[in-house]
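What follows is a short report on a single structure.
The chains carry the letters A, B, C and D, assigned in the order they are written, with residues numbered from 1 in each.
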Amino acid sequence: MKKLINDPGDVVDEALEGLAAAHPDTLRVNLKPRYVVRADGPIVGKVALVSGGGSGHEPLHTGYVGRGMLDAACPGPVFTSPTPDQMAEATKAADGGAGVLYIVKNYTGDVLNFEIATELAAEEGIEVASVLINDDVAVTDSLYTAGRRGVGATVLAEKIAGAAAEEGRSLAEVAAVARSVNERSRSMGIALTSCTVPLVGRPTFELGADEIEVGIGIHGEPGRRREPLRAADEIVELLAGPILEDLPFEPGNEVLAFVNGMGATPLLELFIVYRRLAELLEDRGLRVVRRLVGSYITSLDMAGCSVTLLKVDQDLLRLWDAPVATPALTWG
Amino acid sequence: MVAANRNYLTALDAAIGDADHGSNLDRGFTAVREKLAASLPDDTGAVFRLTGMTLLSTVGGASGPLYGTFFVRMGKACEGKAELGLGDWSAALDAGVEGIAFRGHAEPGDKTMLDALLPAREALREAAARGAGLAEALAASAAAAEEGMRATTPLVARRGRASYLGERSAGHQDPGATSAYLLLKAAAETISKSASGCAPMPPAR
Amino acid sequence: MKKLINDPGDVVDEALEGLAAAHPDTLRVNLKPRYVVRADGPIVGKVALVSGGGSGHEPLHTGYVGRGMLDAACPGPVFTSPTPDQMAEATKAADGGAGVLYIVKNYTGDVLNFEIATELAAEEGIEVASVLINDDVAVTDSLYTAGRRGVGATVLAEKIAGAAAEEGRSLAEVAAVARSVNERSRSMGIALTSCTVPLVGRPTFELGADEIEVGIGIHGEPGRRREPLRAADEIVELLAGPILEDLPFEPGNEVLAFVNGMGATPLLELFIVYRRLAELLEDRGLRVVRRLVGSYITSLDMAGCSVTLLKVDQDLLRLWDAPVATPALTWG
Amino acid sequence: MVAANRNYLTALDAAIGDADHGSNLDRGFTAVREKLAASLPDDTGAVFRLTGMTLLSTVGGASGPLYGTFFVRMGKACEGKAELGLGDWSAALDAGVEGIAFRGHAEPGDKTMLDALLPAREALREAAARGAGLAEALAASAAAAEEGMRATTPLVARRGRASYLGERSAGHQDPGATSAYLLLKAAAETISKSASGCAPMPPAR
């Protein structure tokens, strides 16, 4: 395993210390238990957004703490959801008296731990609402399973709901915005290589030199199937097809198109992917009105990419454009 | 027990999950051992409860809330008891297993830890019904868990991370069912060593 | 070779098309010859900043075109400096009548091609000044060699000189600012893995599982020496030592600390690197007043990092903080 | 010639540079071939000049401006000549090599293309002085370039990208010296085939 780390068991805490040192004006890091909060929080009278999940997806979630996005993030160990006590502490630290929204990626661990945190917050008299993100079309949806994973739409929901909270909307309204982002988003990803969990020291799965994993999540889980390596343009078609069909996205729809790198894929390649995606969407009669290209929700050192489409409306668009000032997303 | 099997559990989880089940439980049970070493409550219920609360706040993932709830519920069932007879063990396991089902909404055959735990609690109930000794009963329960664990291999997962793999999850043994069996086996072995039953769950190793 | 690309010969043009599609509000791309200009340029009366170099270092330079930074960038083929005709066209497209500053990384190819471009611009009656960036302490400096490479300081010089130009300073003043950034900056990098040039298809060099290359540049050149892999903290010490000695940086100095990823290294690891760097600088009595952590000047899919320190003064600090709106750097 | 040796030149450049010398020159000479195929000027000087301008605008890197300048200067030296005798060739090579030295500021022994070109132009001068035939003279010139090229191997680079390697650049043959030799060899072979000399640099293949 070749990584810029010290003791593999210290990866999460040391990265958090580095994050704190690198962004002292934006955020504060607490290590026991682990959570990250806005440096200027809690914001009295504002709905607070709290998210969290396993580490290894950086900049998600800790890099999205700041004005216009998250009030707090709870990082778990690598690929392991955080615990209820972290979430409870983060909730108290972020609460500005207007309620707290949990943005929860749909993984059993995240769901259960946030569920217990919700019970703990209720005991403290803090009003909490939760929105589940489950945008991954690679997973067959069914009432009788754990359902679809939360992937790319998480970034969009955190940005857009964050802007809604910043505007002073109520807990129910902010939750509705986050839910709407999730309902209007679909994603799918592929891996060129596995990732290596520091405490494990070996790649989670082995891929041949000419193979890709199709339908991966963000935890180094193997995907739905293995296929031959192919040109970037064909990979885009492989990803866009199921996404477009699923919602479905239809001619005339205005969309935000998001090409995401899995951690070890350079920007040069992501732009090659985006090029074909933009072309394909135009061919299908969709109007791409906003774009995001970069490594925003990753899987350690995995090479690969995911595509997310969000069907926007005027409100979502305005909220997307609203100012944001976090380590990983900044504009306006 | 957990520390010794850390890499084994993680390897199982690498095949159909995210390669962390072993380190998750190792982190949790290491914390439990430290807590119990610092002060071991007399009350078995309190031991279980402390174990559960510690797992809840140190494990994370799916298994943290599930095993956490398991032990907290067992603790409630054993409240105030310094020693546990077979009936107490059976009632405790019932409560724990129901806690997991309540938290995780899994059904039998979903390829989860429940597939080891449900047969284990049945075996314990039966042993109690036929008046078996505690050590024998716990051994039977662990054996049933082992069988349930093995039976997860062909299943297609419907809960947890393995469910994302769909058909590809078949052919692999479930990590959570495996850790559940290992916990029950450790309990059976401890009780069998301490001869006449009653020691609470050992500070897992 | 596993990359998200189509024909390896099309990598640069396709990535440029993707960049153009992804940032239509910020920049325009011209393909024959290749250059990227601000969408709102040329800015009449403003000194124009033009840079360029081989591709494969993204986001450098194309991702820094926009308000407050570059007016134009000329991307060459992968790792090959662009040609004088591209530069001449870009110069004409960017020129706002107040002169043009070339920011040139010190590589023979870049230097010679920009030299010829300067001759061409003179023929067109455009006033051009050039600033050479050569901040890499891994290379022994000498009058009789090609001298030191330009690496991390390039990003800082483009940002800071870009702000100076935006403020309306004269060509000589903007050039002086860029020169000052270069003189006050020092960098050094290491690689955990080689990169793979698309047209070559194999890694440029082979590194053992327990080896790192120390003193690498940004073109997959092997470094000054090979050493055993070691903990991130020790790697930081390996890099910081020669940097601190060289300027030298001294107790009480205010610095901007920049930890850069080489392309395939995830943010999690960069923060672990930054953590130790911040600690070490504090121990040496330096005051870190600004920080930049991310993959800003890369070497395709190389894993590794570089460290750059800039000794700031009040003017440089103010210019660093000034607003910038480019695909890869945005704030204010 | 260049296309056939693309991978060889790139491999040399991978060892002490950035693995692009072969593709750089291939790109350039492919463009030259297309330009000359579209319309071949009568004037040898114009052919060289067009070659140089095309290399300048298509190669990039260090070798683009260097070989570009080389051919542009050769073109100037041959201006207006439809055929080149040995004296013309020698004057042209002198001009070209001086162009490279002017542009690149390299000294003999810096481990660059000059280390092949300087001995080549000496050999051509000498051959002209002793009244050799054109084909023989160009062959001698190519042979001197080859020797110069081989002599770059032990050198520590002081110019170009290889200089960043310091001592580690020793033990590798310089890619630019190699391409310079290959160009001169191609010129010698073409002239020797066309028997009585005078064809301009062949549309390199």
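In the analysis below, a residue touches a chain if its C-beta (ideal position, glycine included) is under 8 Å from a C-beta of that chain, and two chains touch if they have at least 3 such contacts.
Bear in mind that the values here come from a model prediction, so they are computed numbers and not experimental data.
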Touching both chain A and chain D: give me those chains, sorted by label. C
Which chains make contact with chain C and with chain D at once? none
Farthest chain (mean CA position) relative to chain B: D
Roughly how far is chain B from chain D, going centre to centre by Cα mean, in whole Å? 76
Cα-centroid distance, chain A relative to chain B, in whole angstrom: 32
Using mean CA coordinates as chain centres, what's the gap between chain B and chain C in Å? 55
Would you mind pulling out the distance in Å between where the CA atoms of chain A average out and where those of chain C do? 29
Out of chain C, which residues touch more than one other chain, so two or more? none
Based on which chains touch which, is the overall arrangement a line, ring, star, complete graph, or other? line
Determine which chains touch and list them pairwise. A-B, A-C, C-D
Residue numbers of chain A touching chain C in their complex, please. 2-7, 11, 14-19, 21-23, 55-56, 58-59, 63, 192-193, 209, 229, 231-233, 235, 259, 263-275, 278-279, 288, 291, 293, 295, 298, 300-301, 303-305, 325, 330-331
What residues of chain C sit close enough to touch chain D in their complex? 33, 54, 76-85, 107-109, 112-113, 115-116, 136, 138-140, 142, 144-146, 149, 197, 199-200, 204-205, 217, 219-222, 224-225
Complex interface listing, chain B residues touching chain A: 10, 14, 16-20, 23-24, 27, 56-66, 68, 103-104, 107, 158-161, 163-166, 168
